[in-house]
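Lettered A, B, C and D in written order, each chain numbered from 1.
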Amino acid sequence: MTIDRNARLRDIRNWGDYFHLTIDTPDVGREARPGQFVMVKVGDGPIPLLRRPLSIHDAGKDGIELFFKVSGQGTEILSRKKPGDSLDLIGPLGKGFTVSDAMKGKRAHLVGGGRGIAPLFFLARELGARGVRTAVFYGGRRLADIPLRDKFDKAGIELLCSTDDGSFGFAGLVTELVGRELAKTKPDIIHACGPDAMMKALAALAAKHGVPAEFSLESIMGCGIGACWGCVHRIRNESGDGWTKICEEGPVFPGERILWPE
Amino acid sequence: MTIDRNARLRDIRNWGDYFHLTIDTPDVGREARPGQFVMVKVGDGPIPLLRRPLSIHDAGKDGIELFFKVSGQGTEILSRKKPGDSLDLIGPLGKGFTVSDAMKGKRAHLVGGGRGIAPLFFLARELGARGVRTAVFYGGRRLADIPLRDKFDKAGIELLCSTDDGSFGFAGLVTELVGRELAKTKPDIIHACGPDAMMKALAALAAKHGVPAEFSLESIMGCGIGACWGCVHRIRNESGDGWTKICEEGPVFPGERILWPE
Amino acid sequence: MAGMTNKVDLSVDLGFLKLCNPVLAASGTFGYGLEFEPYLDLEKLGGFVVKGLYFKPRDGNPPPRLVETASGLINAIGLQGVGIEAFAEKVLPKLRRLRTAVIVNVCGEDDDEYAAVVEYLDGQEGIAAYELNISCPNVKAEGLCPALSPRTTFDLVKRLKAASRRPLITKLSPNVTSIVEIAKAAEEAGSDAIALVNTFLAMAIDLETRRPKLRNVFGGLSGPAIKPIALRMVYQVASRVRVPVIGMGGIMTGADALEFLVAGAAAVEVGTANFVDPDAAVRIVAEIESWCEAHGVAAVREVVGAIKVS
Amino acid sequence: MAGMTNKVDLSVDLGFLKLCNPVLAASGTFGYGLEFEPYLDLEKLGGFVVKGLYFKPRDGNPPPRLVETASGLINAIGLQGVGIEAFAEKVLPKLRRLRTAVIVNVCGEDDDEYAAVVEYLDGQEGIAAYELNISCPNVKAEGLCPALSPRTTFDLVKRLKAASRRPLITKLSPNVTSIVEIAKAAEEAGSDAIALVNTFLAMAIDLETRRPKLRNVFGGLSGPAIKPIALRMVYQVASRVRVPVIGMGGIMTGADALEFLVAGAAAVEVGTANFVDPDAAVRIVAEIESWCEAHGVAAVREVVGAIKVS
C-alpha cells in the first residue's frame, strides 16, 4: 500500500472505448497480486473529486498495467493522458483472487464480461505459472467489446470468446458459454469479474454444478482504503449478513458469501 | 457582439508569464475597436466557472490578438492552449477609447503598466493610421515585465519604457516618466490602462496639467454583457455618482468621470 | 442543438400561466432581458424573470461584488436597479412586444414597499406574473429576509395577494431549517406558485489581506455547487404543496433541468449559466427537447414529478 | 511539504485540550484512524475524530451510499459502525498508545443512547474529548436531528454535560436558519467547544432511471462545494460564542484551513480530503507551517480570528 505520486505512464493504447495503460510504478508492481486494484487520481481539481478504482491488469517489477473502458468523466480524463505523463495512484489495494501452489494441476475457469476482463489477465498468468490449467471465457456485446483476444492468445492462455450479437465466437451470453462447458468439464474453481447480472447468473450456475467460485465485486468507492464505508455489499459473515466494505475485505469474495441484490 | 464557439488559436508565444495569442475569429476581428474586450471561456467545466475578460490587443479581418499575464487559474489554463485548439469567446464587448479623424495631427500619450499595455497596441495603430502623433509609455517592475518593446519598435510606434528597478529605460514608476514628459510637451489626450494605483496617479497628473485622459478600468466580471451588475465602478453620471457597469458603459471612461477608491 | 422540430410538446401549464416550454431565465442573471437579445431569441424561452425591482432606484453594494468558488459564484450585488418607474417607462414597453412570459421580480425594504411595487405594476400591462423576492441574502445584515420565517412569509404573501391583480410566485430562501414549512406558509397565504431556491448565504476570505473577498462580507452562493441541495429542496417541497413549483439552483444543462422536473418542478429557472453562456437558456430548451425525443417522451410534462422512490 | 523545522509554533489551546497543531481529521472520513497508518504518521496530526459511534453496532444504509457532484460528495452511509463495546475492546487499546488527541464522535438514536455512550466511554481511558454528533443528516427521515432546533440542542447537551467527565464538543448541522442561535444554545448548555459544519442535506437523481442516485434518497453534501457556506457559518459563530470553534467544510489545502482560522476557528477538521489523499491532513499541517513561515507568522494562533472587516 503505497501512494505513488510519481507513477509514470509509459504507454497508452486503445481499441475504441477500451484503453490499456502501462505504468512505471515499481513499488506497486512488485507488491501486486491478481484481483487487487489501485485508486487513480484522474484530475488535479475537485472535478471529479474522488479517485477511481481500477483493477491491476498485470504487474511486474517495473510497474503495472491497467485496462479500462471509458465509462464516464473520470475514465475519459484518464484516457487522454500521454506517455511520459505522471500519474498519482495508491495501491495495491484489497484482497485478490485465491492463488496458491496447492492448485497445481487443477483446472480453473476465468470468466470476464466487458471491462471485467481486466483483472483476469494477471490472474491467468499467475495461475498458469503455478501449473493451473486455466481457460478464460471472455464475453462482450459485440466484437469491439472483446479487444484483448490477441493478448490472451499471444500469452498462450486458452481463450473462449462470446458476443451477444454473434459477431465473434459463441453467439450469446458468456454465462451460456460457461454453462455449456460446465456440462462437459467441471473445473475446480471459477473466478469471475463483470457486470452484476453476469456474476449473479454465474453464481447460480456454479452453485448448481457444485463448483466453488470467486467474484470480484464493483462499487462506487470513496476512498479504496476502508475509511468511508461507501463501497459496501451484502456479504455473509460469521457475525451475520452485513454491509461489508469491498475495498478492504474484497473486492474478491467467494460466491457462497455474496448476497446478490434482487 | 458574437459568440464565437469556434475561434481557433493560430499562434501562441510567451515571455515568461506574459502570453500573446493570435486567434482566428473573423467576425470579432472585423468589428473590434481599440479598448474593447472579449470574454474567453478557459475551461469546459465549472472550474473556473466564469469567462475571463481580456482586452483586444490587436484586430484585423482574420481575427484578434490577445496579450495577457498569467494571474491565476483562468489565465494559467489559457496559457496552456496549443495552436489549432478551438476557443470559445464573446466579443467585441464594451466601449473603447475615443478614436476619431478629428484627432488628426494631434498628440496622444498612451500609458500602459504591465499587462495594461494590452489594449494600447491596437489603439496606437489606429491612432497612427489617423495621423495622430502617438507616444507609448510602457512601464513594468523589471525588464521581464515589458516584453512588448520590440513589437512597438517594429511597428514604428514611439516608445518610452520605464522599470521600477531600473533594469531598462527610465528607472522609476511610469507615472514619473509621464510626469517628466508632461513638463516638456503637453499632449492633447492621454489614454491609459494599468494597475489602479498607476491610473489614479496618472489621473491626478493629467488633471494637474489640464490634459484630458481616458482610462480603461478593470474589475472582476461575471458576464461582460451588462447582465450581472458585478463589474461596477463609481462613475460620475448626469444622474449623480453611481455604481456603473464597466463592461457596458466602459471599460474606458474619461478621467473626470471616474471616482477613484481611497 | 439539433431537432427543433416541435415533435415534442414542451409546453407546461402552471395553472395561472401557460409556458411554451419549462425554461425561464432567473432573476438577476438575465438583466432586463434585452441585454440578451444579441445572443438568443427571447421568444424561444418559456419566459424570463427580470432583475429584482424596488420601488426606488437602488445603488447596490460596493465592489468587489463577485467571487468565484469551487463550482460556484458568490454575489453581493445588493439589488442595484433602476427602480420601478424607470422600468415601467423605459424597459417595459420594449418587453411588452415580446411573445414570451415576462415575470417581474418584486423587492421591498419593508412590506409597504413590496405592496407599493405590486400596486404600481398592477397599473401596467405586459407582465405575466410577479415573483416575490422575499429571499435575497445580500440586502440586510447577514442575509435577513422575510423568507426565513413562516410567519413573515405568510403575512407578506397574504398582504400582497390581496393587493395584486396578478398571479404571485413566491421565491424562497434555502437558508432555512425547513423549506417545506416556509413553502406551506406561502401556499396557505395564497401564493400561486413557489420558486426555489435563491442563493445560499456564503463568504470567502482573501488569506493574504485577511479581508473578506466581498466588500459586503456576505454574499449569495449560486451555480453547480448548490445543485444537490437545491434539488433536494425542490423534491421536498413539490410533494408537499399543491401549487406548482419552479425549481432552480445550478442548472447548466438540459439534463440538470430535467432532473429538477423529475424531482417535481413544473418549470425551471436558469441563473448563473446565463453568465457563462448568454445563450444557455435556449440551449437548455433544445437539450430538453433532444432528450425527450431520444427517450420517447412526447410531452415534457410527463416527466414532471416522475421520480421513482421505492 | 518542506520545512517541518518547528520554527513556527503550530500549537493551539482549546482550553480543555492542547493540540500540537490545529488540524484534526474529521469524523466518518478517517475510519478509526488506524486505516490511515500506512499513509501518514498519526502523531503529526493535532488529533483525529473517530467515526460516529452508537451504543449498538449499526448496519447503515443500503448502497449506493455515495455520489459525486460538482466539487462535492454526497454520502448516505447511515453511520454504520461496530458499536461502542467492540470499539472499546478492539480499537481503543491501539489508539491509546498514540501521542495525539483521540476524539470520539458520539451518536444516539435518542437522548438515552447518547447518554449511554458517554457513560460507557467515561469508564475508558485514552479519549481526549467527545464530539457530539447531533447533526447527522443520514439517519432519520429527511435529515431530522437534534441540531435543527436550539431547544433539542440545549436539552441534549445539558444532559450529556452533566453525565460526562470529559469535555464536550458539539457538532452542529448547517441545515438551519440560524446557526448562531443553535451554537449559543449549545454553549449555554455547557458545551466546551462548537464544531461546524456537518454535511448539507442533498440529493441527486439518475435521469435515465428516474431514481435517486442514493438508495437512501437523501444524503449529506461535503467537499469544496460547501466551503463558502461553511466558512460563513464559522465566521458568524466564532464572533458570537466564547467557547472555541472548530471549523470544517471543504478544506483541501493549508490555505483553506488558514481561511477557517482567520474566520475565527481555533482548530479545523479535514474530511472529504482524506478520501482523495490519505495523507491530506499531514500535508495540510505542513502547508500551514510553510505559509506561516513565508508570512512571518511565529505562532499559528496569531491568525485565529484575524479577519479584518471594516
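We adopt the following convention: contacts are C-beta pairs under 8 Å (C-beta built on N, C-alpha and C of every residue); 3 or more make two chains touch, one makes a residue touch a chain.
These figures come from a predicted structure and were not determined experimentally.
Chemist: Between subunit C and subunit D, how many steps is the shortest route if every step has to go to a touching chain?
Modeler: The least step count works out to 1.
Chemist: Which chains are shared contacts of subunit A and subunit C?
Modeler: Intersection of subunit A and subunit C contact lists gives B, D.
Chemist: Distance from the CA centroid of subunit A to that of subunit D, rounded to the nearest Å?
Modeler: 36
Chemist: Once you find the CA centre of subunit A and the CA centre of subunit B, what distance in Å lies between them?
Modeler: Result: the chain centres lie 56 Å from each other.
Chemist: Where the centres are mean C-alpha positions, what is the separation of subunit B from subunit D, in Å?
Modeler: Each chain reduced to its C-alpha mean, subunit B and subunit D end up 47 Å apart.
Chemist: Give the residues of subunit B touching no fewer than two other chains, as numbers and ranges.
Modeler: 45-47
Chemist: Two or more other chains touching the same residue: where does that happen in subunit D?
Modeler: In subunit D, the residues touching two or more other chains are 70-72, 223-225.
Chemist: Counting only chain pairs that touch, give me the topology of the graph as line, ring, star, complete or other.
Modeler: Contact map by chain: complete.
Chemist: Okay, in this complex, where on subunit D does subunit C touch?
Modeler: 69-72, 74, 142, 148-149, 175-177, 200-205, 207, 209-212, 217-218, 221, 223-229, 231-232, 235-236, 250, 255, 258-259, 262-263, 291, 303, 306-310
Chemist: Tell me, which parts of subunit D touch subunit A in their complex?
Modeler: Subunit D residues touching subunit A: 28-31, 35-36, 38-39, 51, 59-60, 62-68, 70-73, 75, 77, 80, 223-225, 252, 272, 274-279.
Chemist: Residue numbers of subunit A touching subunit D in their complex, please.
Modeler: Touching subunit D from subunit A are residues 1, 3, 41, 46-51, 90, 219-223, 225-233, 242-243.
Chemist: Given the complex with subunit B, which residues does subunit D contribute to the contact?
Modeler: Answer in residue numbers: 70-71.
Chemist: What residues of subunit A sit close enough to touch subunit C in their complex?
Modeler: Touching subunit C: residues 45-47 of subunit A.
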